[in-house]
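Shared between the two complexes below is chain A, which has chain B as its partner in the first and chain C in the second.
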Partner chain A sequence: MDDIDDILAEIAVDSIPQETRDLQELTRCWVAERVAPELLPWPEEVVERVLERIRRQIELVEDQTGDMDPKTGFRLIVVQTELERFKFLVRSFLRARLRKIDAHPLHILNQHKDSLEISRPLLSASEHQYLTTHQSLLATHYNSSFLSQFPASLQRLDDTTGGISMVDKPDEDAAIFVRCLRDVGEILIDGTETRIDMKRGDVWVVRWSAVKQWVEVGDLEVI
Partner chain B sequence: MYGESGLKLVQHAKRTLKLPHLPPYQTELVRATTREVRDLDKDVATLLEPFAGSFDPSSEPATACALLTNHLCMRRNKRCLLAYHRNRTDKLEEMCWSGVDVLERQQQQPNRNGKEGGNSGGDGGSSSLSPEEEEYVRQYSDLLAAYKGQWTDIDLTGSLEPPKDLFIDVRVLKDAGEIQTEYGAITLTKNSQFYVRQGDVERLIQQGYLQRLS
Partner chain C sequence: MALPLPPGLTPPEIAFICEMELVTIIPRQKLEGLKLLGAPLKPLNPPQRASIPLWLALLLKRQRRANIVPPPWLSPISLQAILDHETEQEDAFSPPPRLPPSSSGNEAPFSPPFLQSSTANAPPDALPYHWLELGEMLLEAAADDFEEPDNVRKLMRGLREVRMAKLRQGVNVLDAGGGVKMNGVGAMELGEARSFITGVVDGLRKISASREQQRKDRAREERENGYSGSADYDDDEMDME
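On to the complex of A and B.
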């Protein structure tokens, strides 16, 4: 129940320091990114804040290493342990995103273009750059290996004719676990007669496609 | 037979999935599959020639069927080729991420073949990458380095295991020379054991110089 209480406290008062809330938010992003079948929007602000703090802590560690006082030494170990954990969190988060980007590049690129219109970018600038560069590398590789010798009509990499689309999509109907942070009400699962009533504190196993919109606004939490 | 070399490529790709190393590039098969596509395309052109652009499938079911088969075969071959190449590039990318110097290893292979004999299976001492693949690896490494460079504080290629302890016990497997840590320099000589900060030696563990002791 702790997580829910935290959320409620966040809405009611700003008594929890920003640092703690950022950690919670980053952890939540990390869990969600690892579980959700689709790529989630890039949480720019949290990442910026966390990175800034990591930078400051590294400076602090570098400044104080020369200090021979045993007390400082001990404090530094605590700081460094925390630093390692933060780094791991960010690293694992970025790698989880990259894995998805590599798995469904063209699909994500299209989604990214749509997401720019509603000004909630799916990718960060550097991820976008990585994706486009990687795609052009792959295209060059295919071309020089075999594709250039193909008839012109068959050279495209995003062909959708012939009943099969070449643009691969993640399985949006994959089952995931969600916890309700706020009352959502009744949800109808597409293509079935199943209706579920989601109340605060409930945990459900549902299709990602059915609950995606509530996860994005933060009513549901992926676990 | 139509699609046979394509099938072989896919089988190669599937086998590669389970292998720790990358088997030699199937230049011949790739060429044969590509040639088949070109032949099929010529076939299609010859079949369509007498109709001069006004082909009606319902009046000529037999020709329509031949055309369809040719088209499907070409598409299938393309998918097979793409799958084969993608599978290999995925593997190469994975190596780039885990810090293996693929190109350097390729050059060493002739010397090592004698030792590994059994599992390198008929490498014949030549590189198992095609020239295109070597070029791809070079460019992908550059891309990776560029992307990593934006996250210098994080070390993106670091361990994906959650860190438990700041310091760990390691044993030195190969001489690695002297390294600088904030507690002074350590000389890593073979068979010695150290208690060091994990962040300082992560790369060396990945590269196989050190072994982590639990």
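On to the complex of A and C.
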């Protein structure tokens, strides 16, 4: 009995359209970005696909609004309701990223430079532009208003002398909730004796730093 | 433009995610197929049942174009059985629905709200991740599609109280490393308890930060000196109370 169920379920999974997969992926990215303490790599492909579909859907709505047939009217309401949901999702996702970029600009800029070397950029092109332009504006402003009157040795904004870095960074050890999507096995939490065995379907409260690598490959999901 | 909200999902955001769950409806009117962004909508032909996302089902219901079929676990018999199980098992939530077989390909595995755990074919014996929000939304918008809405409401409240009590009790096992298993927790319950639980874990971590640093240093020293003395570690890491 179970075997038939399994086979049927597998067919059902395979027949799930790309659109639904993209929605799931974007939702997952959004939740992760809302919850995780650090900025996650920019999911360029899925965002591009979704934005392209949104663009086409908007064109469709614009084409059909002139139609006075009441039937099309209701169809358009459905289409527009969904469109608004997608726009909210994309917008909230981008704003959650902006919040992190604003909070730790220099740290993220450094991370972005490192991420370019492994060709998994942390920021999108426009996010990078926003970050650098904003920072140069700020730096100019600080300089003209007070920094230039300081001694030269105190003018830097990313000083690391004295063992303390001026560059602020998020709390990478913050506790988060994760759901296990594929069996991960044993994870050792650095600095403690705690070892946890993560199996598919489990929900755990755990440090972000201990599970980050599995979240990025998609074995774990932040919830 | 940056989002002014603190980390963690707000209740409306959890409800937004929950509205992606598929539910079963019985359409009352024909509706042609539509190319939607999330998934193509098949033509609705009354009285053939169809599975559509909750947000659309609620829209159709509000305009009296469809009736919603409540998922099997939202029946008084199932809820009573789950409630009994929750009351007997004092230290864990009732298990979540059985997962579909893991797909062999490289595709990302599915998880709520894309698991079809709230259609008319869903398993009747387990509460899915979005049980609370989904139940509340259906009871509010489509109470007339339930056979005994008041009974369902009462049982839902009972379940909620039993489970919240468990969540509060669970605070006792929190420790600095995290590593607390919470299988079967619901999305809204998690949203409610999130800031408290993560706050406690983070606070404990900060208290024991120096101890952790010592441990790390000792482990590094041992690695450098090349002997393994880890067997006689003192196991008193949780004696701070």
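In this section, the second predicted complex is superposed on the first by the 209 of 223 C-alpha atoms of A that agree within 3 Å, B and C clash if a C-alpha of one lies under 4 Å from a C-alpha of the other, contacts with A are read in each partner's own complex, and residues count from 1 in each chain.
One rule holds for everything that comes next: a contact is a pair of C-beta atoms (placed from the backbone, for glycine too) under 8 Å apart; a residue touches a chain by one contact, two chains touch by 3 or more.
Just so you know, these numbers come straight off a predicted model, no measurement behind them.
With both structures placed on the common chain, the touch criterion links A:Pro151 to chain B but leaves chain C unconnected.
In the superposed pair of complexes, A:His134 makes contact with chain B only, with no contact to chain C. Once the two complexes are overlaid on the shared chain, A:Arg21 sits against chain C while remaining clear of chain B. In the superposition on chain A, contact of A:Arg182 is made with chain C only, not with chain B. When both complexes are overlaid on chain A, the residue A:Thr81 reaches chain B and chain C alike.
When the two structures are aligned on the shared chain, A:Gly191 is found in touch with chain C, with no touch to chain B. Counted by residues of chain A touched, the larger count belongs to C, out of chain B and chain C.
Of the two partner chains, chain B is the only one touched by A:Tyr142; chain C is not. Look at A:Leu116: by the touch rule set out above, it reaches neither chain B nor chain C.
Contacts of A:Ile58 after superposition: chain B is touched, whereas chain C is not reached.
Shared contact residues on chain A (touching chain B in one structure, chain C in the other): 54, 77, 81, 85, 88, 92, 95, 102. Partner chain A is touched in their complex by these residues of chain B: 30, 33-34, 37-38, 41, 71-72, 74-75, 78, 81-82, 85-86, 89-90, 93, 130, 132-133, 135-136, 139-140, 143, 147, 150-151, 153-156, 158-160, 162-163, 165-166, 182, 197-199.
Touching chain A in their complex are the following residues of chain C: 1-5, 7-9, 13, 16-17, 19-20, 31-32, 34, 36-41, 55-56, 59, 63, 96, 99-103, 107-111, 113-114, 116, 174-185, 187, 190, 194, 197-198, 201-202, 205, 212-213, 215-216, 233, 235, 237. Contacts from chain A toward chain B in the complex involve residues 51, 54-55, 58, 65, 77, 80-81, 84-85, 87-88, 90-92, 94-95, 102, 126, 129-130, 133-134, 137-138, 140-142, 144-147, 149-151, 154, 162, 164. Put simply, chain A touches chain C in their complex at residues 6, 9-10, 12-14, 16-17, 19-21, 23-25, 27-28, 31, 34-37, 50, 53-54, 57, 74-75, 77-79, 81-83, 85-86, 88, 92, 95-96, 98-99, 101-102, 171, 173-177, 179, 181-182, 189-194, 196, 200-207, 210, 218, 221, 223.
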